[in-house]
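For reference, the structure is listed below as structure tokens.
Letters are used for the chains, namely A, B, C and D, taken in the order the chains are written, and counting of residues starts over at 1 for each.
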């Protein structure tokens, strides 16, 4: 009703904020308290869901990293900032290991798609964000060895995800072990069957009986 | 203590009188005043930027600059160095001479106004007997500089900002001068010193009804004159980049910045002189009183900036022409009534209440007349 | 102090020189915007001359009204009417030579007359020259010159309305 | 008077002559207005300087004051006319505005 009352009310709010910024403790979260964090000296605790540049994970020693150089992440990367070359053994046969794994952090847009598409849980998004450097061409092109980080690091920054990934990997390992065992058993059975068949053959060479068991014992 | 600076100047002049003929003494006296003002202006500007950033930061629950020096006290120096070493860009199709001259032409009036500000007892650089008129005249020269900057840059946004700024400055100059007239009526002189002298013994004009209204109108118009928020349409970042100084960089931009802050100071100082008793005050030295009052007003300016959103162009013009101008005209009448009723005494109830009633009535009437068109609140029966 | 007087004299003559140069610019500059600014400079120098002869109030009014008001108006109109720096638009018409002859004749006629009249009233001797205070001016405006003052008020009011009516874009039907 | 009156008169004479040349030669209507302001100012200089040396110092200053006010009025109306002409004719060059009525 009074012309200018709203202005006075608004000015009261700013004045109270001005006064409270001196009287209330910084960071206490009260109305009017300062919210500034003096960054290089003080930091806010990192959130677990924070996602930033990717890194490559390895379990025990840097040689056996989880990455198998399947090139899926490089194909799916929207800005195409990943470059992978498979390692080859002496004979020139490609191995399941990257010889070159480069990520250009000047191009990377922190989308996290590489993490999502990786079928081997080998690449994850890090919490590292202070990568500023004076040289943008060489220093920000991260090579394989710069990207390597341990599983412990992953557990440290993202404990929940780490646990989940580990159980998943353990399950997969178990499944693989079971499968291996099954395959081994099957192979054994096959071998046994073969031996048996050969024996039978040997015996039946005289009896002229066709071998049938060979097909049935095929594991898959 | 009160006459510290006056004594220093007298000592300097006395020193030169011993060595040189007497006409050099006059020149020395002039030079001392000029050097003092030429140093004071930029110094005030530098620390006003720091104060502004600090105060606005505190109002927004931030800390503000605190890295360079203790409490960020050296921040203005760092800013100055940054401004000086920046590249100085002149647009290719710009009018080069105008582009170069405009910042100078804007700073010079802002600095000239310092000459008539009474900083303390006997501390007016030039006691012109047309001091207030000098203030009004010199601050109106700034429009030419803004035109030059706007047109010389050869940039659409510059011209838009310049047009807006000049329209605004012309509009607000009228209620500003009109709101000074009551003071001149009461004092009977245009000299700033005489105005301050007339307000001795706590007879500050702001304690009278017409003085209070005049103070508010003058200060608001002053805020608009130096293009400060909420009247900063001329350099509205979100609409026209930076207005008339879009194309300026480096030290030339710093000159615009300097002019803005120095005129903020002179407007506050003039309000202090005209309505808040100038350097009058008990106990403390007179110049300290002047600076205390002036910085109080500057704090209010910063407070405005932290609180109020920018006005629209039509609101801006409507405020000046339809509200402040009639009100300041009524204020002159109220002053005359006060003058005849009070009979040379500063405070008499009749002389206080009759103008107050008149002003409140006209305020209310203008408010009613200026009520903006409000459409009726729409009702959607089917929705509810 | 004759030395100071000499300095002030130099200043006044300098102002006059600058004023004439700027006036030539105001008349001849092809770009109207520059011409307007030159005129503003002439007005400021004339205000300085007013101040130097003791008409402080008038000098200030000159700056306030002319530089702050009229010049702003003129520059505003220059910007509104556009086609400013166009090179193909001639600034001058073809009467230049005749105008120069006429002006030269005018100066050659009146100038010697001024110089020949030896008996201009001088007030050099007065140690305290009569400075008109603002109060005196105000008093005479309200007493001796009250009629022209009122007429001027009416005129300005008419001008205010007239200018709006002429320049207004949309006329109510 | 700190300088002889003749010199001020000569100054205002030259100013007047320059303004006259401007009025006669400018094509642009605003240019003519600028030159007219020059003429008025030359006259004002004379008035103020005469008031300085005359017995009645008030008259000259008063007339100069009225001249300034009238010049402001003239400029306001003149520029309004220029803007109106520009709206209808789309030009402010005086030799292109030949019709008496439009």
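Quick note on the criterion: a contact is a pair of C-beta atoms (placed from the backbone, for glycine too) under 8 Å apart; a residue touches a chain by one contact, two chains touch by 3 or more.
In this text the structure is predicted, and so the values were computed from the model without any measurement.
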Taking each chain's C-alpha mean as its centre, the one farthest from chain C: A
Centre-to-centre distance between chain D and chain C (centres being mean Cα positions), rounded to whole Å: 7
Centre-of-Cα separation between chain C and chain B, whole angstrom: 28
Whole-Å separation of chain centres (CA-atom averages), chain A against chain D: 83
Whole-Å gap between the CA centroids of chain B and chain D: 33
Contacts with 2+ other chains: residues of chain D: none
Overlap residues in chain C, where contacts from two or more other chains coincide: 57, 61, 69, 76
Residues of chain B whose C-beta touches two or more other chains: none
Chain contact graph, described as a line, ring, star, complete graph or other shape: line
Chain-to-chain touches, reported pairwise for every pair that qualifies: A-B, B-C, C-D
Chain B residues within the chain C interface of the complex: 21-23, 26-27, 95, 98, 128-130, 133-134, 136-138, 140-141, 143-144, 147-148, 151, 159, 163, 166, 170, 173, 188-190
Contacting residues of chain B [partner chain A, same complex]: 55, 58-63, 303-304, 306-308, 363, 367
In the complex, chain C residues that touch chain B: 1, 3-4, 33-34, 37, 40, 44, 56-57, 60-61, 63-64, 67-69, 71-72, 75-76, 79, 133-135
Chain A to chain B touching residues, read off their complex: 3, 7, 10-11, 13-15, 17-18, 21-22, 32-36, 38
Contact set on chain C toward chain D in their complex: 5, 8-9, 12-13, 16, 19-20, 23-24, 26-28, 32, 35-36, 39, 42-43, 46, 49-50, 52-55, 57-58, 61-62, 65-66, 69-70, 73-74, 76-78, 80-81, 89-93, 95-96, 98-100, 102-104, 106-107, 110-111, 114-115, 117, 120-124, 129-130, 132, 136-137, 140-141, 144-145, 148, 152, 155-156, 159-160, 162-164, 166-167, 169
